[in-house]
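Across the two complexes that follow, chain A remains constant while its partner is chain B and subsequently chain C.
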Partner chain A sequence: MMTTVLASVMPVAAINWHSVLFLLFAAVACACAVAVVLAENVVRMAFYLVLSLAATAGLFFLAGAEFVGAMQLMIYVGGTLVLLVFGVMLTAQAPFVAIKTSSSDRVLAGMVGAALLAVLLQAAFRVEPWRRPATAAVAAPAATPIGMALLGVRADEPAAGVPAAAVRSGYLLPFEIVSIHLLVVLVGAAYLARAKRRRTPRAIDVAASSVGPVVTARQAARSSASALVSGGGR
Partner chain B sequence: MSLLAAGLPVAAVPLVAGLLSSPVGVAHYLVVGAILFTAGVVCMALKRNALGVLMGIELVLNGANVNFVAFSSPYLRGEGAASLGLDGQIIALFVILLAAAEAAVALAITLNFYNNHATVDIDRAEDLKG
Partner chain C sequence: MADFLINTVGLPEWLAWTITAFVAAALILNVIAGGALVFIWAERKIAARIQDRLGPTRTGGRFGWLQSLADGIKLLAKEDLMPEGADGMLFRLAPYISFCASFCAFIALPFAFDFVGQRLNVGVFFVVAVLGLEVFGVILAGYASASKWSLFGAMREAAQVVSYEVPLGMCVVVPVMLAGSMDLVTIAEKQAGWITNWYLFHDPFTFVIFWVYVTCAVASVNRAPFDLAEAESELVAGFHTEYSGLRWSFFFMAEYGSMFLVSALAALLFLGGWNGPIPVATLAGLSEGTGDTANYFVRLIGCGNLLLKATLGVLLMMWVRWTLPRLRIDQVMTTCLKYCTPIAAAMFAGAMLWQLAFPGGVVRGLSRPAGEIREGWLEGPGGLSPGRREPVPQVGAAGGMESQEVVQVVP
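Here is the complex of A and B:
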């Protein structure tokens, strides 16, 4: 019934399939982003975040930024999210999988979020006169100009109305800075997350032994060693 | 499309028809970016799990990336209109790289905190106040 109404308003030939695909990806991205906020279980939050980021990569492809979309899929979805899922699995003890927030906090965060969204949407719709209907021009692939720009040479033509000297600078220095930054971050993260040898028992071991009768092997060895020492002293 | 229209009232049919037949502009992308950004901010403020806060940060950075890509897109600008050109895409790439680095360090800190305090509840991190 609704389909017939819609079909009477708009013939199939008038459908802009670019817009249809955009609406599909945008709906998935926004719905999964909201689901990340609403989900209580941290594992489901990670799953919804994967879906949201993948749909955003689809939006990048639709906007003609195919290299950025591929990098989004490879680095974000393939790397960062796998890292986050490993973090979830390493810390997913039973009481931490779903940590409840109080309902007053939820109401407050919802009000703040609605206010922020209202401001941002108003700003977004004021950009509307900037838009012209897209021309049918097919853009050249952007991977080679991006690679050249990262090496400090600009191969793309400057945008209209911009003096050529203003945009001719490449991105060699930021590229090098980011490279060193990634190296330092790699070393720092490995240093922070390394397995340490401890003299005092960890809080997690104390909690585990105080909760139940199960004593970890390390603590059993330690207590037997201390018993030997005290017995030898006597 | 029929699934989309099945649950909508008749008054929404011209709106859906307009959305499906009109070309996508920068404003559409900005709306998506605004929703992602707001979801990320609310997620950062609301979640008590440290990993939930990290996911909120990822959402915020992703919303900013959507705006950068939209303003640099060759399909969305009219002829003669100013555009970020290739710069927006390169900045989006840098944002993705820095987000990966930030996630690695923040995850290492979270694992360290979990090893020392046996929890990932950030409300229990009171001795980190200094």
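Here is the complex of A and C:
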């Protein structure tokens, strides 16, 4: 009874928070993505990029994909952090360095963007009618199956026609390949960024050797002076 | 609570969810803001005692209880300044970004068994990821202030935080590995029982790695001796040189919020979460399941436990701050790359091997907590058959004590 009373009192129709939040996050993501293109300051661009990526992470959380959302925050947003640092370092000397895109670049970017948009739109409209799943796909979504799959144990069902053994191997090999690749990149970066090997002797040797000639010159001067003196005495 | 509003009070669903969300947000906000008030007062008193002074004594009675409140009012009344060359939008936004990052991390932080804003199954990961975002506010503040002191502070902060995320992540992984879950509730629940069940005392490696975690946590929230971003003796006030009034206080609330957060995380990961050193509730025959008033009371005490542990962590940070001198930037980097990271990596490997050799910690058989099992969904009936597609049971999450008869497999 209480419910009916309240329902009659409430003029507002029931709000579907899921849709509202989805629209909110999507709008923020899109608006910030446009702002990245339109902004002229590197740091502001990076800032808008962060907002856009964070809103995308919000979409993931909304969809219940918490692991992917946290990954998005950690990797993409954290990666943009480095971009931001570089932006700050590059523009710190003269704030508000305006970066103008040349018109030819605009045309090219527009073409690429339009092509991508066309592909995405086509893909989006070919999906079967958007609808809410009757039941939640997984009762308690957990990151454990993902981790186990990376270690080579997959708990999910193999697709029809695929031998079970092929699926059981999991993602261990791709995971290892990617890890090794990243390690190589890391070593390479450390190699490139290392302090250059000194061709010249160490600083202390340089100092010592620079002291040496002076001493000898002094001695030479002294000896020549004494020679002069002695010569003069002669 | 939403269920209560829907079923008992009879509110429509959307309104119930809204109210619930606002109540939860208000509670978290109060933890941060109220905590900041208390901690600022505590910091003044502790600093004074360490330096052989009295600290605030007059505001609000004998111990200067109301000093923080007086400070807050002063800050509200202060003029809000912005440097002429500043990037206005970013300058205004930066404090709120810092504060929001700190606030968001609290959403996934459980205060007791069921007292959690939003229980995430990747809670640890989420908290660490969001905590790393706080540095954004600092960098933007440093850049937008158009002041060299601010910029220096921000750049130092960026280098420091990016470096210290690596060992911090390694330290956090160890309890995750021991618990077999990234869910903070599950991790804390697995440490139920006597004090020996805390992951701090699980094996020697976890004991060492806890202290590495403490070091990295202090560094990641920019407290002395790692407060290079502020470094008031070198950089005036670092990244917040140009800030005043309310915006400045937002930076401070973010800092104290983060301190509390990493302390609470340490308590959850290593110090048994909301479980006391002696399982009083279990001995008295109560369980932490949902329902009863008595059980609610138990959870309330658990919440107190966690707050106490986190507060002790914050006090430890203050003690360290007023005891140790500030490190140089190269010393900070050395600490991170040459000490913390290798130690954390070695301890991680050690903990893994220990778990392989002696599953179940140092003191075995002494009141093992229920639900002491990893990957119950893999070892259960049916085993590793690839055809299984059942919903994954939340082992140990449904209330540690009740799940005893469900899974009791010694790993």
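Heads up, the rule we're going with is that the second predicted complex is superposed on the first by the 122 of 234 C-alpha atoms of A that agree within 3 Å, B and C clash if a C-alpha of one lies under 4 Å from a C-alpha of the other, contacts with A are read in each partner's own complex, and residues count from 1 in each chain.
Convention: contacts are C-beta pairs under 8 Å (C-beta built on N, C-alpha and C of every residue); 3 or more make two chains touch, one makes a residue touch a chain.
Quick caveat: nothing in here was measured; it's all calculated off a predicted structure.
By the touch criterion defined above, A:78 lies against chain C but remains apart from chain B after alignment on the C-alpha atoms of chain A.
When the shared chain is aligned, chain B and chain C each come close enough to touch A:16.
Once chain A of one complex is fitted onto chain A of the other, the partner contacts of A:26 are limited to chain B, with no touch recorded for chain C.
With both structures placed on the common chain, the touch criterion links A:67 to chain B and to chain C. When the shared chain is aligned, chain C comes close enough to touch A:44, but chain B does not. Look at A:88: by the touch rule set out above, it reaches both chain B and chain C. Judged by the touch definition given at the top, the superposed model places A:182 against chain B, while chain C stays out of reach. Judged by the number of chain A residues each one touches, B leads among chain B and chain C.
Across the superposed pair, chain B and chain C both touch chain A at residues 2-3, 6, 10, 14-16, 67, 84, 88, 96, 139, 142, 145, 154, 156, 158, 167. Within the complex formed with chain A, the chain C residues making contact are 9-15, 17-18, 85, 87, 89-90, 120-122, 125-126, 128-130, 132-133, 135-136, 139-140, 142-144, 146, 151, 154-155, 158, 162, 165, 180-183, 375, 377-378, 384, 386-389, 391-394.
By the touch criterion given at the top, residues 1-2, 5-6, 8, 10, 13-14, 16-17, 19-43, 45-49, 51-52, 54-56, 58-59, 62, 65-66, 69-70, 72-87, 89-90, 92-94, 96-101, 103-105, 107-112, 114-121 of chain B touch chain A in their complex. Across the interface of their complex, chain C is touched by residues 1-3, 6-7, 10, 14-17, 41, 43-44, 47, 50, 54, 66-67, 69-70, 73-74, 77-78, 81-82, 84-85, 88-89, 92, 95-96, 138-145, 148, 153-158, 164, 167-168 of chain A. Put simply, chain A touches chain B in their complex at residues 2-3, 5-6, 9-10, 14-16, 18-20, 22-23, 26, 29-30, 33-34, 36-37, 42, 45-46, 49, 52-53, 56, 59-60, 62-65, 67-68, 71-72, 75-76, 79-80, 83-84, 86-88, 90-91, 96, 99-101, 105-106, 109-110, 112-113, 116-117, 120-121, 123-125, 127-128, 130-135, 137, 139, 142, 145-146, 149-150, 154, 156, 158-162, 167, 171, 174, 178, 181-182, 185-186, 188-190, 192-193, 196, 202-204, 207.
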